[in-house]
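Two complexes, one shared chain (chain A), two partners (chain B, chain C).
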Partner chain A sequence: MLFNSYIFIFGFLPLALALTYLAGRFLQPLAKLTLTLLSLGFYAFWRPVHLPILLFSIVFNYVVGGIIQRAYAAGKERTVRVWMVLGLLVDLSMLGWFKYANFVAENVASLTGVPDPLPHIILPLAISFFTFQKIAYLIDSARGDARPMSFLDFSLFAAFFPQLIAGPIVHYKEVVPQIQARTFGRLISRNLLVGLTIFAIGLFKKTVIADTLASQANPLFEASGAHAFNLASGWMAALLYTFQLYFDFSGYSDMAIGLGRMFGVKLPLNFHSPLRAASVIEYWRRWHMTLQRFIVAYIFQPLSVPLNRYAAEKGLQGWGAFGVAVAVPTFVTFVAVGVWHGAGWTFVAFGVMHAIYICVNEAWREHRKRVRRKLRKQGKTLGEPAAPERVSYHLLTLLGVIYANVMFRSKSVGDAMEVWAGMSGFRGLDLSLPAALGWGVWSALALAFGLVFLAPNTQQIMGRFDPAFNWREWKDAAPAPIRWTWRPDTAGLVFAGVVLIAGVLMVQRGRAIFLYFNF
Partner chain B sequence: MRPLHAFRKTLAILGVALAVAVGLSLLPENPYQRWKLLAGTIHARSQWIYERSHFDPQPVDVVFLGPSRIGAGVDAPRLGAALAARGLPSNVVNFSLPEAGRNINWIIFRELMQTKRPKLVVIGVMEKPSRFGHSTYKFLAPRADIVNPGYPTDFNYLSDLVYLPYRQAELFVADLAPGVLGPTKTFDPAHYRGHTVNTTGDVVLPGGGIKHASYPATMSELMRGVNKWNAGIVPPILPRKYADYEFGDERYYIRKIVTLAHARGAQVTFLFLPYYTGATELQEQDFYDQFGPTWNAGFVADHSEMFADYGHLTSPAADDLTDWLVAPVAEALQGKAQPR
Partner chain C sequence: MSSAEILNELREIMIDVFDVDDLEVTPATTAEDVEEWDSLSHVRLVVAVERKFKIKFKNSEIEALKSVGDLVNLIEAKTAA
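Showing the complex of A and B:
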């Protein structure tokens, strides 16, 4: 079921709110059971045949997590390690089979000439998201960060529909204490008001902005095999898709956060104006934040720490140390990020591109550190970058992101290179655009540009109402040139109502799937 | 600290949203632009239907309504020529649209009847009627018909209703800037398709592809389509006495079409075209019998060579069927007894 569908907005959501809060009036566990069953129904609505996979994942990880937690409490480190590895193997094998088996088999077949033996495996909805959530739970259990809980609480944590399909990828400590709180299941009107407003903004971002951009970007990319991109059409396609991807996924994340809030659960932020970042490292801290922290915590750091130790033991210095301690874990991490998005060479290339960006960024930071040290020795200080330099950082970051997004969107590496050739002027300096792109493309781009670079993001708009689990960590970061916060006064209520109905009405243009549902 | 009154304010947001939706629904529109909303879709013929009804003074003597089977099966110009050869009224139009749903046939027929006085109305029927209204109803029906479809079991009611504000806003903007922010609102004779249009044969799809209909489908293609169609058939769920509710769309709008036709002196006949290997008996035969005879072309059901896909005739088969229709249509126009 899509958040941007009438069956959800007018059917499932009001029903889920009514039943959960009605049940909560009598008994909190009944509210949890109701919401869990509704969440499973929400998942099954798409493809019921895949529900057993989710159910298996819930039961298996609950059992294994429980064993790990008990072993941790008893100080049995070896048992903890054995069960964690077993749990991770099963989770990753399941993800690997459904997501990557076809890709591997196809490539092996093309290399060896042996026919591909596998039938087409249909990817279960959200498997990348719910598997990562379970992996985080097992590791949290092994680190003593997750405590034993009832099967009902775990099921709700694992199946809670606002975050089930496309995140945010949540940790035990973020959600479980909230669903175990005494207030869970009780109707708190403030949560409804704030949640509805955040949901409305997210819906608007998706149906009004992202879908408009998609209607312009898709024909350009779909026709990429049929025509050569020139300078204008290449940039137009790349810009449109970059903005589409941002508004699509951040809109979805806002909706998820708003829905969670309606049920009394604050979910963590997933976006914080990443396109305004002044470096790629900062970009990744603010783009798909819950995936990024997962990758950093469970892939980058476990690799980086021993490699740093190894570099120190070997006495490596300079670029050698940089290569071992930074470049290697960065490449592994970002190839994993790329491949997590999908089984395909474009995603691998996307990951490699960002790994290169990050390495360049880290090298630049290292260079500035050295300059700073050198100047300090001379009794001088390295000043903050001047405005032109800061602008150049922003532009360079955006440029890198846009080029990588072309790879992310294209059907093949060859298609991406066609777009890049156009963007880079290798097809001449032709500035003509396809006739099908009407005036609407400029207004859509202008709106997207204004919102991305000038306007506050959703959590900044809702900043008075503690809009997300980790809002306090981010409330001072990346302030927008235009500062505006929502208030529940007449203007604020009209704003929310208009944004809500605009989002609802634009669903009519076609319930385009969220881009991240593919992952 | 002032109380938040959050629940009241949540309701206020929903109230504002509702008020905006109602306000948008009441915006003025140009009906011609409404009938152009389906340009670029498989239902683009709606524009010609409106133009034929309102901008072409040529009378309409025989009108065919119904789903795509009727469109693919009845060659209106060929039928008109045959009637003309017999010295009979020969202005025949095929106003069928792809997909089932009787409500759209009513909207089309009522539009036609604003300006024309057909002598014969032929309604295409299927072995089992759809329970649902037509997918284009929300695009083409006037707002009053969407707000109040007139019968209680319109299963598409909410989805049609919720589309209304968006449609009216779109039409309002199009009315303000025709040709820029929406379709034009002036009739262009240069692009008019003519008094009658042959709806049989190859179909040009919105993406530019062609659905061929000049030769029969292979047996495997036919059976794939037939199996899919059969799998989608849901037999009546409620007892027959509740058929007016379960099949409200079919029954309510057939009655409305018949009532209006009879009020304007037109005869009503039903035409049944089966799908390949499909049943040749009609679930609603008793119901149709109250209003007029049924011309049952069940004889095509076993002829795979006549089908371009599971349910639509090839153009040669459509010629044969059209020729078969000449006699009953001629007799109907002459007021003679009609075959069943």
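Showing the complex of A and C:
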């Protein structure tokens, strides 16, 4: 079931709210059970055959997590480690089989010439997301950050439908205390109103903006090969898709956060105006934040710490130290980020591109550091960059992101190169656009531009109502040129109503799937 | 070493790692207060602290660090042992 469908908005959601809060009036565990069963139904609605995979993941990780937690409490370090490794192996094997087996087999077959023995394996919806949640849970258990809980609480934590399909990827300590709180299952009208408004903004971002951009971007990308990209159509495709991707996934994440809030659970943020970042390092701190922190905590840091120690012990200096301590962990991390999105060489290339960006960014910071040191010895200080320099940082970041997104979107590396060739002027300076792109494309682009660069983001709009689990960490970051905060007064209610109605009306243009459902 | 001394040493290391001209550090200081403090520089900070105090942190300890105070406590516990 899609969040942007009538059956969800007018059927499932009101029913789920009514049943959960009705049950909550009698008995809290009944509310939890109701919401858990509804969440499983929500998942099964898509493709019932995959429900057993989700159920297995829940039961298996509950059992293994419990063993790890008890061993941790008893101080048995070896048992903790053995079960954690075993649990991670099973989780990763499941993900590996469903997501990467075909890709590996195809590449092996084309290298060796032996026919590919595997049938086409259908990717179970949300497996990348719910597997990562479980991995985080097992590691949290092994570190003493997760405590034993009832199977019902765990099932709700794992299946809670707002975050089940495409995140945010949550940790035990974020969600479980909230569903174990005494107020859970009790109707609080403020949560309902704030949640619905956040949901409405997300729906608007998806159906009004992202789907409009998609309707213009898709024909351009799908026709690749059929027509040559020129300077204008290359840039048009790249820009449309970059904005589409942002509004699609950040709109989805807003909807998830809004839905969670309607049930009294605050989820963590997933986006914080990443396209306004002044560096690619900053961009990744604000783009798909719950995936990023997962990767940093469980891949980047465990890899980077020993490599930094090694570099320090060997007394490595300059580029040697940079290569060992920065470049190696960055490349491994971003290739992992790339292939997490899917098994394909385009995703590998996307990861490699961002790894290069991060290394350049880091080398530039090192360079500034050296300059500053030199100046300090002369008693001077390096001033903050002037406006033109700051603008150039923003533009360069965007440029890098846009070029990489072309790779992310394209069906093959070759297709992406065609778009790049057009964008880079290798196909001449032809500025004609395909006739199919009407005036609508300009208004959609202008709206997207305005919202991205001038308007406050969803959580800034809702800033008075503690809109997300980790809002406090982000409330002062990246303020928008236009400042406006929502209040439940006439203007606020009109805003919520207009956004919701526009979002709902646009649903009927075709229930377009969210881009991140493919990952 | 007292925690005040550790805090002072730590401030020196942080000024060097984050490359800032001066830094006001209290036990309550977190990564949000220091612009240059991100996951890349965090690793460098941790390794610099390890070398200075001749101790070693576990991954889970590094990740659990939320503030300068946490780091001071951890250093105190490890150097006392």
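Worth pointing out:
To be clear about the criterion, the second predicted complex is superposed on the first by the 519 of 519 C-alpha atoms of A that agree within 3 Å, B and C clash if a C-alpha of one lies under 4 Å from a C-alpha of the other, contacts with A are read in each partner's own complex, and residues count from 1 in each chain.
Basically, a contact is a pair of C-beta atoms (placed from the backbone, for glycine too) under 8 Å apart; a residue touches a chain by one contact, two chains touch by 3 or more.
Because the structure is predicted, anything quoted here is derived from the model rather than measured.
When both complexes are overlaid on chain A, chain B and chain C end up sitting side by side without clashing. By the touch criterion stated above, A:Leu193 is placed in contact with chain B alone, chain C being left untouched. The superposed model places chain B and chain C at 170 degrees from each other around the C-alpha centre of chain A, with the value given to the nearest 10. In the superposed pair of complexes, A:Pro302 makes contact with chain C only, with no contact to chain B. When the shared chain is aligned, chain B comes close enough to touch A:Phe10, but chain C does not. In the superposition on chain A, A:Pro488 contacts chain B only, with no contact to chain C. Of the two partner chains placed around the shared chain by superposition, chain B is the only one that A:Leu500 touches, whereas chain C remains out of contact. In the superposition on chain A, no contact is made by A:Val114 with either chain B or chain C. Of the two partner chains, chain C is the only one that A:Glu362 touches; chain B does not reach it. By the touch criterion defined above, A:Arg285 lies against chain C but remains apart from chain B after alignment on the C-alpha atoms of chain A. Smallest inter-chain Cα distance, chain B versus chain C, after superposition on the shared chain: 31 Å. Those residues of chain B whose C-beta lies close enough to touch chain A in the complex are 4, 6-7, 9-10, 12-21, 24, 158-159, 162-163, 165-167, 169, 180.
Note for the complex: chain C touches chain A at residues 19, 21, 32, 38-40, 43-44, 46-48, 50-51, 57, 59-60, 62-64. Of all residues in chain A, only 6, 10, 188-190, 192-193, 196-197, 200, 439, 488, 493-494, 496-498, 500-501, 504-506, 508 touch chain B in the complex they form. Within the complex, the chain A residues that touch chain C are 142-143, 145, 281, 285, 296-297, 300-302, 304-305, 308-309, 312, 325-326, 362, 369, 372-373, 376, 381, 473.
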